[in-house]
Each structure stands twice: as structure tokens, then as C-alpha cells.
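Once you scroll down, you'll see the structures, which are given as C-alpha cells.
In what comes next, subunit A is part of two complexes: it sits with subunit B in the first one and with subunit C in the second one.
After this line comes the complex of A and B, so read on.
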């Protein structure tokens, strides 16, 4: 895919063989992942397992976004369930309307509501409007929220609490509006997905391919963002927001973009989750699932490219596997894994390789050259996304003095 | 490193972007191709796919697999574990008595984890991977709603053992708990018989209470009862000062309570605090069974009423045997309750259907289901082949100081299930 001949030689490329080149490794890994997801998995997995994998891929989409916002941007997003839910409900609303037929009323509105489709549901009868809404509404909400929050320099734990409160409020709102949202039951019983019969295993496979393709595109987009000027700014904002401000950038804008991209990814993940799983309910959008999204990212390695994806898939897979083997006490394994990772691998499993290399004392190029590796030197800041403002200001003042 | 290279624009960036175009394009193509392939395939098979979900149930050996799907973790675990226990008991009894059609039952157990999506996932696993002949379980409405499309798409059978809000009748589900006309309406009948004229409604904010209260409102209007208040609290809510004060101020002479779980503790404590008593203002609850009485505290609910179809104290030989067997297996202190009995009954009903059909085949069972009866601990129950619910006797019970619930009123024999309330004139337009 990315042949070494076409890549521009990096300054220190001569010091190592071409296969150690970070770009080759990243895109080689990407090609391998694509081959596994699109080629191997559909062949070796049964329909049931493949559908499960599709569900995990949807959760991994949220994780990719969290990797960008939290890992690279230092924003502890504890409320991604909101955007996941927005995407999921938008898609579910469209599917309910499509199942009801032109001008029809979704079944639950007849049973629990007054049998009238509210005006704000109507535009979602159109598939094009639905897709646009899925792409734009979560990102739009995140942009508005981000502008309001980051402009006021709210960050760290305050931002985390605020985003989590939003997830709690969103779930309560959905439960309370049973007549138009399905309440605790959520939206379920979808028959078709853009005209395709969901009971047909062939169409379930198609959904899997769509999910796998979308996830790969998302990973590619994040990689592009990571190595771009924006990606470097984002890391700079995470590590020293005030310095970035003194350099003439507006950190709020940088954060808003990362937050909106993460929200958009979560929304798309939710939108595919609904047809794959067959239900979207407040239980999928509240505080607990929002924290659940973070667990995989933390275990996988939040600041790395593939860590969040692999972490999310591995955690979900382990959850399913363990709960099948040990239905009564699988939750203890999950808890133990999380404790072990937090205690011994605070930057996630993806940092295991780097850690091992450093222990051996091998000459490793700087982390900036290999974005697949975590910025190990900045782990202290990443753990605490909001450094003490006073100390931060003092550092910034010193920096400013030096620059002057 | 990263920040030092920050301000200066770096020349190789454009070449970097070009080299990325290729893989992105490759992914897009792969995506488009995969979607195209499925599109034609979908057009070819069309609806054949759904009927083509051939059963993989293996009945060749001397065992047959069944699936138990209850929440063993999460918020519902405390309730659903009791259902699992009584399902295990029923399976053990059936196996000891020679199995079903001469085959021993082999139970595949799964954890629904109190999450609807997990219920859907595990249901599919039980049907497609384990090839079970039937699945028993589910508790919350959302878990049932999540599983329903799975069972319909795979054309498999679910036995759902909990009273619920009605308005559903899937050919792939057998509902062995009460529907609304076997629990809610008898509860109101009882209050009407007692001459109550002003009823206050309090419930948790989810589907069952809202649907139940919609039905109660229609009933009240038709029977000259005034609904003097209707209040909802979020699930898990524990501050009931406002609601109980409204209740007291409303002058209600009875309360219909659809609160779930912990909220009941706070509600009944507050109820007692403001000086209301079971004698003056009886509370009819539909989500408090023997299991919950201990948690709420007998002193807070003694004298209050419940509406169910079974109590541990029901006087019948079948119940004496059931209670004794349960206590022998799980301990003297464990009470038996309505959902547990309904789950126990569901497994025996399935056995009856299979034996009547002479086969484990889903279509044969659906065909044979009508009229299958079982002498359950609650009394004789009969399967209705049209809506897949069962005829059950309704009991109004009173909670006494020993923590048990004693029947004070019962319906004239089993009530035919009517999930859409088609047999009630006043219910017209409700569904």
C-alpha cells in the first residue's frame, strides 16, 4: 500500500531499515487491519459472531474519537453517550418511520402515545436527511457546547463533570418523553435498514462490511489529523495550553474541532449500532455506557492511533467471552483487568512495546517521529488534563519571559 | 519534540497527504464493493432470508438444550436471580421425572447483565450458536422488546415470566406472567368494590407504570372514580417528600402504586411519616412481592395491599409441594414470589406443549399450544393459543407482620388473558 519508494525520506531514515520507518509501520498495520476486518473475519466467523463483531466495531468508532479528544487533546470526555445516542436515535427514528410506511405512525406511538408523529420526527422520513443529520447533529451540538465551554476556559475535571452531567440529563430526558422517544424501552423492533430486510443474514453481513469500512476510514482520518499541523497543535494544547495561547493560537478552536470530530464519530457509531443490535435505549446513552466507552480506550492506550480501537474491541470481546464462560462472576475479571492496567500500564497496553524497548535501553527515535507510540514524556500531563491553573500561569509567565 | 517543530510549516506535508490518498481510496473502493455485493444478494434472496433461518436444534441424542437468560449482574440481578433459581428447580424436577419426550434437559445459562442490548446478543447466541429448543427469561420490558425481533427473525421461542404492560402478542413469545387485565384491572376492581372514590397514582417513570396508569385512568372514568393525582419519579429516586405531600393534600382514599425497587422504601417511609395509614388510605402495589417486603421493611408496609397472581401463602397442594421443594434446595429463609412461580410454570407449560406436539419443532409447538394446561402452584393455568398468554387467577393480597402476603380477595376462577383489552368497552381507543 505505502511502498517505501514513494515516501519522502525522513531525516533520520538512513539510520534504520525501511520496515522500521513509522509511516510504513502505521500504514502496514492499517493494511493488515483492513485485510483482517474485510477479508479474514467474514470467512472465519459465524453470522452470529460477525454481527457481534459489527457491534464491537460500532463501539470502537466511539473509541477512535475519544482517542483523539482525550488521548491527543487531553479532554476527558465522560459524556460521549450523548453523541452516540443522538446518532443512534436519529437512525432508529428513521427506521421506525420507514417501517411504518409513507405517512405511517411508528407502532410504539400508537401503543403508548397519542398516535400522532411529532413535527420534528417528520424530516427523518427522508434517508438523505437522516444521513446528513447523523453526520451533522452530533458534531453541531459538540461545536456549540465546545464553543461555550472552551471559550470560557473550562477544562480538566470541570469539563469531565459537565460532559457526564450532560449524558445523565440526556438519558433522563429520553426516559421522560416516552410518547415520542419510547421511554426506557427505547426504539426497537426495526424491520429494515434503508430498504434492506434486517432479518436477512446477507444484509446483516452487509452491515458488518459498512461498519468495518467506516471504522477504517475513521482511523485513517485520525491518522491524518495526528500528523497534521492541527494534530501537533492539539498535543501542544493538551500539554501546555497557555504557551499555545501565547504563541498566538486560540486553544479553544483547536479543542472544539477535536471535540466535534469525536462527537461525529460517536454519532456514526451509534447510527450503525442501532440496526446492528436492533435496539437503542436510554441504557445505551447514559453515564454508565459513557464511562464504558472510556474503559477500552484507557486499556488500549489513549494517546496511540490503534490503542483505542483495539482496546475497545478487546474489552467488548472479553466481556462477551467471559460472560459466556462464567455467567455469574465475569464482572470480577473485568474489574481486575482495569485495576491492573491503571496500576501497571497507566498509558494502556499499546505502550507495552515502548516500555519494553526503553527497559532494554535500545536507541528509540523520539516519540514525535512515531505517532503510533505514546508521548511518554507527557504522561504526567495526560493523566491530569487540567494542570493547576496557578502553576500553569506561572509556567506560562516564565515561558513568556524567556521568549521576550 | 512535537512543540518545537510547531510554528514552522514543514515542506514534506503535501507529499504526506498524497501518499495517504491511496490507502483511503482503497478503503473506499472496498467499502463500495462490499456494499454492492450484498445489494444484489439481498435482492435475490429477499424475504427468503427470514424464513430460511432453519432451526439447528439437535434432538438426535438423549438430551435437548434449553437456554436460561436472566440478569446475574447489574441492577436487575437481585430480582432475576430468584427467577433463575426457580427455573433451575423446574429443570431439575423435569429431569428427575424422566425429561421431556424422554430427553434430559441440558441448560445453557447466560447473563443478560441488566442491559437490553446484552439480552438481544445472548438471545441470538443461545438460538444460533447453542441451538437451544427454547429460551426462558427476561424481566424488564426493554429486555423483552430487545429480544422480540431476534426471536421473530430466527423463528425461535421465548418464555417470558413477568407481569407486564400488555399490548403485545408475538407468535414467538409465550407470556406466563400477568397481562394488564389479570393484575391492574382486578386491583382496580377491588378498590371499586371497597367503595374507593378518589385514587392517587404514583409510579416509576418507565413504560409499565405509564401504560398501567393510562388504563387506570380509562377505568376510573368509566366507573365513577376520580383520579386525584398522577405522579412519576425517575427509577431509583428516593426523595418522596413532595409526592407524598401532594398525595396527602389531594384527599385520596386509595393509592395505586407502580413504583419499582428502592423507590418503594423511601415512598412507604415517607407515607408513614406524614401520618397516613393502610386503614385510611390503602396502597395497592403491583411491584412488591415477598422478596421485596424484607428490603422495604415489614414495619413500613404491613397492612398494605398488593395485586399478583400468586403468593407463597396460596393454599393448594401444588403450592405446598413447590414451596417445600424450593426451600429444600435454596434454604428456609428464601420466600417464593409471583415471577418465580410464573417462571417455574413456564418450563412446565413448555414441557406440556412439546409433549402435546410430540416434537421440539417451533411451528408444531405453536400449533399445539392452545389449551395446554398445568396445575401450577397458583392454580390451574391454560395457554391461550391466539395471544400466547395464559389464563390466571388474580389475587389481592395483604402484607402481614411475618413478611408474607396473604390473599384477601380472588377472582372468580382464572381470567382469560386480553393483552389489548379488546373485551372492555371503556378501554376502546387505548391501544
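After this line comes the complex of A and C, so read on.
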């Protein structure tokens, strides 16, 4: 488990042993995660399970980005399915074109359309263009939308609704343009991934290593962003956007960067999801799956480093296990998770350890020792004074929703 | 000319449905800043109320007329339950209410699926709503006209309630300045609860109306709730007239886009137009003027 990603130095920093030092704990946890993902999991898991884990890792990539944008930045991103879908469809389009051969036409186009590859598909025959598109298109869309929205100081619920509407519109568009997107069925039946045969179990394992490696890189990037000046600004924008503006920064730029990074991560996740799972369809990008990405992040702890990853993997794993046997029960369970975790454990499970440690060492109460739930029955004051800047991440996360 | 009129009517009809779906949201979101994702499921509950009533009563006309007030009651009570149990604890975290109510929506959907079955069901329209009325050489379906009239009635009644009754005065006071309202002796807690009851009740009525347009299913609400939220965003919060203008404008725009392109492209175009509109008026069409920082 990672340390709570605290940015303010703890008062007893000098007194604690070296292994309790935040940096040691974070990178130690990172090394442990790398060892488990790259060393242990491929040995113990069967090919089928490993492929399943690879799928979960792809979903966890989306969660890492949401953790940055929502947990640290306070932007409730309800439309990450759009970026996930953009990445997934770009990769799927490339794979369909590659399967069809040079100058060939993907099978579904012959089925639904007139058998002519649209001009905007053509560049994706090139693998380099495809990779660049996967990295740049989702981030570009997010940048455009972010600039349009955040510069005009549209935020909070308004931004959440807009991002959700984008997801709805994108899913409807994909279904409607069946000739070029495969419609409801999506794109599936890929045979090769950049020239590697997907039917070969060795290549499937290779895909797992790619997914695990990419996820670890993303986590490292987010960690570096978190402790950077940008990360501090992002949290400041989340908690007191106007104060940041008065200090001379432009909060819109800070938000746009975080949103674009989150979108890029979601796009890469989608791009790996397509070959791992073998299908990408509108069912992966709409309103419901987009919100579904959030539950893992909320459970794991939205403002922590590894919480979103672990939460996303745990939720996907539970979903696979439960929804096969009790499909109806899973929906109730997912609903209950949303209600219970967000309402009563807003910082997720990742911060339980920190809470417990502080309860135990209650002799030195810090400013962050307020109860995790606001007392019931307090009246609503959206404009109550902001948190003390010295509060730690756990408490700051509690206020994330208010000032977003 | 005919095409123009039929487009106009299609837009107005779409707008009236959007308005019915968005009215309750405009109330609750405007007053409490709470995003209730379960609003669509309250509509679904209203629709199933109409379905059950028709099975019990048999006569389509009577059951529809009974279903309208009963749908209001069912939606309202569900909303009240939600407010008292969950939302009242979370006014300090308005964005989180979105996720919590999404969880509630999931549960309600699955509940409907388990109780009524996953396939869609049909509610018969009464005889006096079947067929069409010829106007200016066009045939306007009676059901669409009924929904248009219903939406207008709901707006007028709500506007009168807000304008004239003590409850309306308390609601307006709370929207404009919660602290000052409280200091003047308004129980904002009780007002919140009542607003939620009324807003959710309107969702129930909207659900009953939707049974006239087609078959209904457990996911009825999800298809409307996103559009309804867009209406609220465009309309601005705090006043009904914003929602009215926004609903009909979006309805007309979408009908126009659908006519000139395809239904799927129309949604994307509409989204682009809304984002562009927010460049000009980030607070929506109408907003209560406050002295807080934008």
C-alpha cells in the first residue's frame, strides 16, 4: 500500500525511521507492485486469468487518470469512456486495416457499407500514425473541451454534466454510423496486433507485459506530477480556485493539463483494451460505463496514488466473478458500493490505514483529525471557509467535492 | 412550408418532453446544487405506475387520469425518501451526490427489471388520445398535443406555486440566499425536503406522459436524464423560465439537426452548440444574480 500522498511534511519527519519516510514508502510500494505485476502474476496465473488481469489493468489506466483529474484536481470527469473509446477505436481501426492487408477493406465495411474505406481511416494503416493518434487524439479532444469550458469558468456540476453529455453523444454517434464504426457490434475479430498473431498465447502474454509496463509508467508519471509544482497547484485549484487566481495563476490551464493527461491515459487504456479483449463497442464508451470507471477510483481512494489502481482492479475482478453467476445481484452490489463508499467513506479504503494510525496516535491531534463524515444534519453551506492549507491529503480529499 | 411546420411541431413536441423531464431537476438543482441522477428513475417509476394502474383499472382513459396524480405521489415519495436518507447528509459535497444518486439509480433500475421483467411493456393510450388532429394540412398526433399541454400546465402550476404560495416564497428565498433565508426564520431543511418532493413528483408525471409515446422499460430514465441535465445547464439555475426557453430551444435545434443530418450526428452537433453557447453565457440563459465570484 502506498503512503497517503502527503505533500506537507509531517511534524515528526526527523524522528521517524527511514522506512517510514514517504518517499521510501511510495517507491517501495511501487517496486512491490512492479514485482507482483511483472514477476509473480505471470508465473502463478493461467493464460486465461492473465488475459483477464490484462483487461483489468487497461481499466486501471483509466482509473489512474481519473484519480489525477478528479481526486487531485476536483474535476468530476463523467465522460472518460469517450477517451477510452477513442483510443480503443483508433487501435481497432488500425488492426482491422492491418488484417485486411494493404489496400484491403475491413470485413464489416463490406457487410454494412459500400466496401470503400473512408479517407479518414486511411492514415491509420500506418502503425506509427496509429500510435501517435492514440496518444494525441484523446488528449487533443480533452484540451479543446477543457479550454472551452474551464476558460469560461464553467465548473463543478456543469462540467460533470457536459462531460457526461459528451459520452452520451459519442456512444450514439458510434451506433449511428454503422458503415464506418461497426454500429452496436463495435469492432471485433482482430487477428494481429502490430504484426503479432493474437491467436498465439505467447503474444497474449506479451500483451499482458505491455499493459503492466504501461500502467506502471503511468503511475510513476502521476506520482511525479503529484509532487511537482504542478501537482501542488492542482490541489490548490481544487480546494480554493479563486485564491489560486488571485495569486496570479490561471486555474484553467492547470485543469486543462490534468484533464488532458487523464484523457491520454484513458485513450492508451482503451487502445490496449481492444487487442486484449478482442472487441471495442459503444457499450464500453457510453454514460453508464463512463460512470462505472469512477466506482473503483472512489473505493480505492480518489486522491491517493495507488488507490484508484487497486480499486479499479478489485471492482473489475468482483464484477467478473459476481456478474457471471448473479447478474442481477451484481447491479445491486454496484449500486450499493456507489452509495455506501461515496456517502460514508468518501476517501476510499486507501485512507483507512491513515485514519487508523491517527486514531491510535491520538495524543498528537493534527488539524486533519476531523471525523471523516460531516456530522449529519448540518445545513448546507457551499461557501464555508476552506480547509487549513496544512491539512493532509486525506482531509483535503474530503473537501474535493465542495469547491470543484 | 409543410416541412417547416412539421419540423416546428416535432421540435416543440421534443421540447415539451425535455421540459417535463427537466422541470423537477431545475427545481432541485437550482435550490440545492444537488445533481440527482436518480431523477430518470423517478420518471421510470411514474411510467410503471401508469402501467400498473392500467392493469388494475382496465379503462385506459380513467387509468391515465388517475396515474397523473398518483405518478406525482410515487415520484415525490421516492424523492422524499432519497432526500431524507442520503442527500440531506451530503449537502456539503454536491458533486458526490451525483455518484450516490447514480448508485440509487442502478438499484432502482435493477429493481424494476426484477419486478416487471427486462422486456419493455406497453401502456395503451385512451381512445380520446388516439389518432391525429388536422391542423393547417398536417396531422398532429393527439398524444403529442396532450404532452405539450401537460408540460405547459406543469410549468404554469409550478410558476404559480413559486410566485403565490408561502412554500414558493420560501423556495425562492432559499435559492437566492440560503443563509439570509435561514436567518429570517425559513426552515431551509423543511424547504429542501418539500422542493425535493415536488421536483421528484414532476418527474413522476413526466414518466406517466412518456407512456403515451412508446413502450417503457427499466432503462427509460437513463435515456432522458442526460438531456434533461443539458436543459438545466443551458437554462441556468434558479428560475423556471430558463428551463422553459432552453427545453424548447434544444428541442427545436435537435429536430432541425435531425432533419438536415442524421439522428446520431444531431446529438453531437447539439453538444457542440451547447459548448459554444456556454462561451457566451457560462451561467446559462437565466441566472439569479449573486455577488459571489463567478
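In the analysis below, the second predicted complex is superposed on the first by the 329 of 404 C-alpha atoms of A that agree within 3 Å, B and C clash if a C-alpha of one lies under 4 Å from a C-alpha of the other, contacts with A are read in each partner's own complex, and residues count from 1 in each chain.
The criterion applied here is as follows: a residue touches a chain if its C-beta (ideal position, glycine included) is under 8 Å from a C-beta of that chain, and two chains touch if they have at least 3 such contacts.
Just so we're clear, the structure is a prediction, and the values are computed from it rather than from any experiment.
When subunit A is checked against subunit B and against subunit C, the one touching more of its residues turns out to be B. Of the two partner chains placed by the overlay, only subunit C lies in contact with A:177; subunit B stays clear of it.
In the superposition on chain A, contact is made by A:145 with subunit C only, not with subunit B.
After overlaying the two complexes on the shared chain, residue contacts for A:328 are found with subunit B and with subunit C alike.
Shared-chain residue A:47: touches subunit B; no touch with subunit C.
With both structures placed on the common chain, the touch criterion links A:156 to subunit C but leaves subunit B unconnected. Look at A:206: by the touch rule set out above, it reaches subunit B but stays clear of subunit C.
Common to the subunit B-facing and subunit C-facing surfaces of subunit A are residues 172, 175-176, 328, 331. The touching residues of subunit A, counted against subunit C in their complex, run 74, 76, 78, 145, 148-149, 152-154, 156-158, 160-162, 164-166, 168-170, 172-173, 175-177, 242, 287-288, 291, 294-295, 298, 328, 331-332, 334-339, 342-343, 346, 373-374, 376-384, 398, 400-402, 404. Touching subunit A in their complex are the following residues of subunit C: 29, 32-33, 35, 86, 88-96, 98-100, 102-107, 109-110, 113-114, 178-179, 182, 188-189, 192, 222, 226-227, 229-230, 232-233, 262-265, 267-268, 270-271, 274-276, 278-279, 282, 292-294. For subunit A in complex with subunit B, the touching residues are 1-2, 6-8, 23, 27, 30-31, 34, 38, 46-49, 51-52, 55, 110-112, 172, 175-176, 178, 183-186, 188-191, 196-203, 205-206, 209-210, 213-214, 216-217, 220, 223-224, 227-229, 232-233, 235-236, 239-240, 243, 247, 277-279, 281, 283-284, 320, 323-324, 327-328, 330-331, 366-369, 375. Taken in their complex, subunit B has these residues touching subunit A: 1-3, 5-7, 9, 12-13, 15-17, 19-20, 22-24, 26-28, 30-31, 34-35, 37-39, 41-42, 45-47, 49-50, 52-53, 72-73, 109-111, 113, 115-118, 120-122, 124-125, 128-129, 140-142, 145-146, 148-150, 152-153, 167, 205-207, 210-211, 214, 234-235, 431.
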